[in-house]
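As written, the chains take the letters A, B, C, D and E, and residue 1 is the first residue of each chain.
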Amino acid sequence: MMIDFLTLLQAAAEAGRSYGDFPAVGGRGAVWIAAEVHLMFAAFVLGVPMFAVITELIGIVGKDERYDKLSKEFTRLLVFAYSATALWGGMLLFLLTTLYPAFWGHMADIFSMSMWIYAGLFFVESFTLYLYYYGWDRWKSGRAKWGHWGLGLLLNVWGTIVMFIANGWLTYMMSPPEGTTVAEGLPDGVTMWNAIANATWMPINIHRLIANAVFGGSIVAAYAAYRFLAAKTPEEKAHYDWMGYVGTFIAIATFVVLPFAGYWLGREMYEYSQQMGVTMMGGFMSWLWIVQAILIGVLFLAANYYLWTGMGRIPGAERFLPYTKWMLLVLIVCWIVWGTPNTMIASRDEFAAMGGSRHPFLGVLGLMSGKNTAVNFMILTTFLSFLMYRRGNRIPTVTWAKAGTLTQGAMFVLSSAYVLWLGIYGYFVPTITRISYSVYQVAAVLACIIGVWAIDIFLMRGSQSRGEIRWGEMPDRSQYAIFVLAVTFTWLMGLMGFARSGIRQHWHVWEVMRDTSDRAVTPALGYAANMISLTVVIFLGLVAFIFWLGGLAERAVSKKPAPIGQPQAVTGG
Amino acid sequence: MFLTNIKVLAVGLAVIAFYTIIAQVIPQLESEVPEALDLSAGVTPEVLVTAGEDLFMGGAGCTSCHGLGTRAPNLRTDHAGEGTIGERCGSREQGCKEYLYESMIDPGAYLIEGFPPIMPDARRQLSNEQIWAVVAYLESLGGEVTVTADDIGASASAPSAPASSGAAPARTATTDPVQLLTENACIGCHQLEGAGAPVGPAFDGMGSRISADRIRTGIIDPEAEIAEGYEAFAGMMPATFGDQLSAAQLEIIVQFLAARQ
Amino acid sequence: MRRILAVPVLLSVACGGGGESGGESSGGGGGEAAVAALGTASIMGVVNFSGMAPANPAIDMAEEAECAAKYADGPTDPVVVVADGKLANVFVRITSGLPAGPYPMPSSPSVIDQDGCLYTPRVVGVMVGQDLEIQNSDPLLHNIKAVPTANRGFNISQPRVMSSTRSFNTAEVMVPLECSVHGWMQAYVGVVEHPYFAVSGADGAFTISGLPAGTYTLEAWHETLGTQTMDVTVEDGGSASAEFSFGS
Amino acid sequence: MTNHGRLQVAACRLSAASTILLAFVAGLPGVLRAQDLENGKALYDKWCAGCHGMTGQGDGPAADYMLPRPRDFTFAIYQIRTTSNGELPTDDDLRYIVDNGMPGSTMPGWKDKLGPGDRDDVVAYIKSFSRFFEDGQPEPVAVARAPRVTDEGLAEGRRLFEEEVECIKCHGAEGRGDGGSAPELTDDDGFPIRAANLTENWTFNGGGSVEDILMRIRVGVDGTPMPSNGDAIDAGIITEEQLWRVAQYVRSLSPDAPPRRQDVVRAAFVEGDLPNGPEDPAWNDVEALYIPMVGQILEAPRWFAPAVDGLWVRALHNGEGMALQFSWDDASASPDEAWDPFFDGVVTSMVAPDAPHLEAQGPDHLAVQFPLTPPEGTVLPYFLAGDARNPVYQIRWRSNPDMAEEGTATGLGTFASGTGSDLTHGAAFANGRWQVQFTRSLTASDPGVAASFTPGESMPMAFYVADGTNAEDDVRGAVSAWYAVYLDVPLPPRVFIAPVVATLLTAGLGLVVVIQAQRRST
Amino acid sequence: MKHLKHPFTQAVLLIVGSWAFFKFVIPLFPGSAPVPQSVVLQFTLIAAVGVLVYVSENEERWTQFKAPITATLVDANKKWLRGGLLTVIPLFIGFVVFQAARPTVGSTAQLRSIHPAPPGQITFQGRSLALEGLENPLRSRGSLEEHYETGKAIYYQNCMPCHGDLLDGQGHFGHGFNPTPLAFDRAGTIDNLQESFVFWRIAKGGPGLPREGTPWNSAMPVWEDFLTEDEIWAVTMFLYEQSGLEPRTWGEEGEEHD
């Protein structure tokens, strides 16, 4: 009996070596928070440099100092954000090693080499950042300026490589190469490179790259929105109005292509494992995508709302206003379609009335054909809003203006008709064919966007103005739309993080290393939402703190506000 | 300014709260963690019992005899007024779990009167850990679970299942077909001269239904072809008889059965 | 499962009920009645029963007191009715040897009555197209249900004393009649395409008359004892005798 | 058959054929589309042959699993007609059944599945199975208009039902198919058949409206023991109006609408004593929940022809104990010798695929089960007698000997009886209906044997009913999925406090908004 | 008419109208059914957001929209209306809270995943069977016609009582179970699935459902107890043949929203 007891004790001790515990939120909760906040900061420090480099380039090419200042303003924030990222990264590392030692051992076993490179690159990236920021005023003009811009580019390159390496680790957890075992080292034929360049690595890379740009843009816009609301002078208002616009523009423009990257990722996952695919889309997580649809609907609507209210300050844009309500209608209908759950929440009576868990009529909308069509329409509508915004105060002077506009219109009509037709026809073909339709739909929408945009660039060449944009004459509520955009996007990131991590269910490494802890259960959406909200609050709180710090520094650097001129609308992204 | 701060904060928090609430109002669903059958180190009695129950009720097929009470003693309910197995095994002098474990790996050792000696060696189907799990489950039926990880470890070095040891010899070198059929527990599931249970096709008249070759295949690879009407029992017959019988014994049985017109 | 007996194809087509009654001419009554046309010969026969007659099952008529009252010794089901070695309720008909039709139609309908919750007679013959009159002499509900295979069946409710008339348009031996309300009630109708049939009476005797000279095959049918056949030769104006013998 | 006859037959066959052909050609132009036998056959083979068989003999693969059996088309005997008894149905009659199916049987309606033309083709093909249709089809019976429904009319209908038309002989005094002649009924093929339960008009094969009922009485239901009253009308014994009265009365035996499907039985709180028997008038005021019951076809031995199709449940509690009352239609209190013919018929005709049959009638069974421990989250025991992980608590009742017991089960056929509460019961059988009451304390004396009930909480509940005369036992019978019983509680104070607080808060907030707005405007 | 043009009236009408549309009009469409409360709420909420965007996207409309609200809050001559609203709205809120707090016996809302994720491999009649990549072996063996007939017989003998002749999940026993048996006759049911998935569901039935398939009311029997492997494959094939749907193949893949 004594021996038995001792055995149990020993067993408990062994179990304690695989998993640690953390007070209050538990081991998983601690890692969750640390990982998610770290990730958000990482996205921030990757997204903002992209933003900075783009705006700096616009400043150089357009010889507009506003952009350069904007760029610098954000690089300053970056310096603080960088340390926050490193801090949370370190925290995550400590939590992982103490709470999941066995798992971390496995990862280290495989990836040690890449971890060293990662750490090294982090150094290089930091120094590039310092050079970039502190060299701003030194390499101000001529060739030196281009060199400085090159530094910014380099910063992005390092950041991207760092992200790709980290992505390799985490995608390995989702889709380890075939034949991997928990035994020490990798099996024959599988190298560290295989483990990094696994099935979902590149889709995740691209997905995150785009998402980071959106994220950077939306955080910048939120910052600007806050400054706009807090602004005391019309000049200040005009400046931050404009800054908010630039940030929102970049966020929305990149956001529009994000779903396509998402499709690719999902497709790769399905191909990798049916079980994972079904868990993700049809099974356990099916409702997560309804929540996602609601969030993305908010994003689309907030973006369009911002553009429409923004048209109030553009002379001549009022001629487009009568159309916005129809575009709104399209957006709302599409949002409803996208948000239609296939697995509805209903009481038994309601199920009985429907004759099953699926609604005989609305159930049709719950399928991929309907949803895909809806998303594509929302993208097209948003793009149309952009176009209207862009053209607000312009009168084209080229001789073929009318024909060009008609061609653009035709492109819109054709692509929407094609998307709609595929959406409807999709119900009459086998699933496998239907899935390929989503690719055609995306292709049609992308083709339309690129084609229309290309025509528009030439069409607007040398166009006349109907009057300057009255920057700063923006209603306050449009700025709140930007906040909604930023918060929603941050929350969405958290949700997608849960989706990505949750589909592994009770595996640390999918079908290789099991989570044998008592917290192996994938939590319900409610719990996940609490964690997501917590991380979002922590992150946004810290970001606000960083902004405040930036404000302090700004005041320290120059007491008097920078002279504000009349910035131009961004015409290319 | 203060009001603006409050407003911004309120909008942000309201948006977050909105999403959180949406996620809360839908019915909450946690994923299920399939039970890992890692019974080796640090296993608790509860895990063993649960795993054993699954095996007893399902995979191991124990209930096809022990559930009915006609082919073998019913273990889950009262038998002969001695209570469930967990209760009645306590009277065994070597201890409950030892008795159960031994009964499973050497069924001939403790025959209960009134029942045919048809139980196969559990090691043919179950791993050592699984056998202990079943023992733990049986103990839990009316008794105290005394199986520990220790037991599993201690018996792991014992001779392993005859099936996995490749060419394990048959228990005796007899050449009497009826004795072979009895010793190998065949008549537990196949009827011979009316005795036995109708789980598999009867031996009586087998020669008139199928050829000797088919009989041979059926013994060596029971899944190769399922006799009509016995589809529900597919998978029950162990595929270990080929290893267990010597070539000569196999042939004796085949010829014996083929001759049953 | 009764239906499994396949329907002979040649018998299978009738023409709206009018086809064969087209040859209707003046004729006698049922099996026993004199028939004017085709000939003058007749067959007078008797059905014997040898051995011990099986006891007929008793019927529990408790639920129909009015019927039960009619049976002093308690009602029995008259499956095998034997008196003095003679068997009643045997249906006899000519199965071959007749010249081609048309045959004379008996002038009066065959009658079956429901009396005392039993059918009288238990076996009755009708010619194709001839009316079968179904009477209910009991002051209570009977339904009379015919379950033929070659003909259309019927199922008539007769809640009180009343009568209904039905006919069959295809030959069929035998069409069972039953009452769903009283599960014990059972009768048989032999539907024959000519009028040369008879049912043995309580004395076992039967008569088939109005035949032309010739050699005929007779078939005798009994519900539980099976069928028997025999050849009989008759001459014009003459009368041949036929004797069937059933045994237990 | 003679040469002459044969010729005649041939001639009339030809003329019939040409008549049909002519009718087709004449009717065709634009309006009618020709019935396409090929298409009919293709559709029939795909959708109908599974039950009715490739040759229309009602012998498809599913036939042996059904009682009543699928229609054999080769004899052209059709139950649901508007034509006189013994006659062929009209095309519309056939179409009606194809369109709407036969409620209460396994025949579904096809109008949502097949197009109108397709259904016509199927009808045409079905007719081709029988030679009888070659002779053309009769006209529907003309029916007089229905008189208005009045109380006197219903009383007259009832009198006719019982004394004149004597429907009572088979359908029983209250119409539950328990009449004296019911046990011996067979259909034309000799399979046992039940007199319709007239209190469930939603299960009437030919429809449950007064008009449908009248037509069934008027022309009969061919192939079944249900006779036509046409001759009685012709003979002047019964008038058509009287038949309408009968039909109206029969309709009045069923509720206005089929019972609505609900989930939760509400056990109202009563002060003092619980009803002391299943027939206690106190039960009359208690709301009843209808539970549809279906065959236990989930685990061997399966049962495809359950006799009981629904169960009414009532519940009450008084804080200490609870009472559950069940009532269901069952034509017999099994075992009942009178029903031996029916029992034998079921045993010989239901070739159960999974197990041998009973030798003799067993008792009627009722079992109600609850999870032994209140369920956590969404995890419930398997609704069929629980599972190894999640045992259920069952209360079981048997009609003969009349007894109730409680115990636990962890799967079908694993019931272990015990004593875990002060369970008592009462049972009564009358006019084709069982009424059973279980009474026990809310709290179990042995939580290992019996479940405890907590007022204010829902307890899942599932049912099992078996009819001994239908060759059912404790595993072959009718089952239900999970439902729940909710024990009412007196409303807790928070129910009243919370709204008041909410009202005050909202009012306060509203005031603040108003004051703020007014201050800003000035 | 003037009132109809006012944004405030429009907004109210639009929100009420869309609610009425979701609640009452959608069920009227051919082949439709009542919409669950949760969905009506969701849709109405989205529509309300849209209406809010509509009234506020344009400065002029927004001012107009706000006017009556401000007037109600401020104007002296609207004192009674103000007072009335201040009374009615809190009382209404109180009523709503009372309704929510009151214990009810109505059925609770449920969410069931129709197609839970299958395990990588299952134990079928004592043997391991990897589902991933598993094809219906009958499609490459013997006569398809024969398999179809086999499948048909099995379907009619075993599945038809619940899933129905029409494959619409409304067999004569179907109404007795909740969830109602799956209908195979619509797009979006089995055509989204590989045959191996269907095989798994048939073989393991309701008791073999993973957690997301709870509550375990599924009445699907464990067919491995009744049918052989080939029979299950045959009936799988029959389902697709009969419903005119095609199984999802293992070839090229993508995702499917649910």
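Of note:
Rule of thumb we're sticking to: contacts are C-beta pairs under 8 Å (C-beta built on N, C-alpha and C of every residue); 3 or more make two chains touch, one makes a residue touch a chain.
Keep in mind that this is a model prediction, so the values were computed, not measured.
Set against the Cα centre of chain D, the chain with the most distant centre is A. Greatest Cα centroid separation from chain B: this falls to C. Of the two chain pairs shown, A-E and A-B, the one joined by more C-beta contacts is A-E.
When every chain is represented by the mean of its C-alpha atoms, the one lying closest to the mean of all protein C-alpha atoms is E. As a whole-number value, the distance joining the C-alpha centres of chain C and chain E reads 66 Å. If each chain is reduced to the centroid of its CA atoms, chain A and chain D end up 57 Å from each other. Our note on geometry: chain D versus chain E, Cα centroid distance of 28 Å, whole angstroms.
Look at where the CA atoms of chain B average out and do the same for chain C: the two points lie 68 Å apart.
Residue positions of chain A touching 2 or more other chains, listed in rising order: 279, 284, 287, 294, 298, 345, 347-349, 352. Multi-chain contact residues of chain C, defined as those touching 2 or more other chains: none present. With touch defined as above, residues shared between interfaces to two or more other chains in chain E number as follows: 31, 106-111, 113, 119, 170, 178, 210-212, 214, 225-226. The touching residues of chain B, counted against chain A in their complex, run 1, 4, 7-8, 11-13, 15-17, 19-20, 22-24, 26-34, 36, 38, 41-44, 148-150. Across the complex, chain D is touched by residues 1-3, 10-16, 19-20, 22, 63, 100-102, 140-141, 143-147, 149, 152-160, 162-164, 166, 180-183, 193 of chain C. Looking at the complex, you find that chain A touches chain D at residues 347-349, 352. Those residues of chain A that touch chain E in the shared complex are 263, 266-267, 269-271, 273-284, 286-287, 289, 294, 297-298, 301, 304-305, 308-309, 312, 321, 324-325, 328-329, 331-332, 335-336, 339-364, 366-368, 371-372, 427-428, 430-432, 435-436, 438-439, 475, 477, 511.
The residues of chain E lying in touch with chain A in their complex are 26, 29, 31-39, 42-43, 46-47, 49-50, 53-54, 56-59, 62, 106-120, 131-132, 169-170, 178-180, 182-183, 186-189, 191-192, 194, 197, 210-212, 245-246, 248-258.
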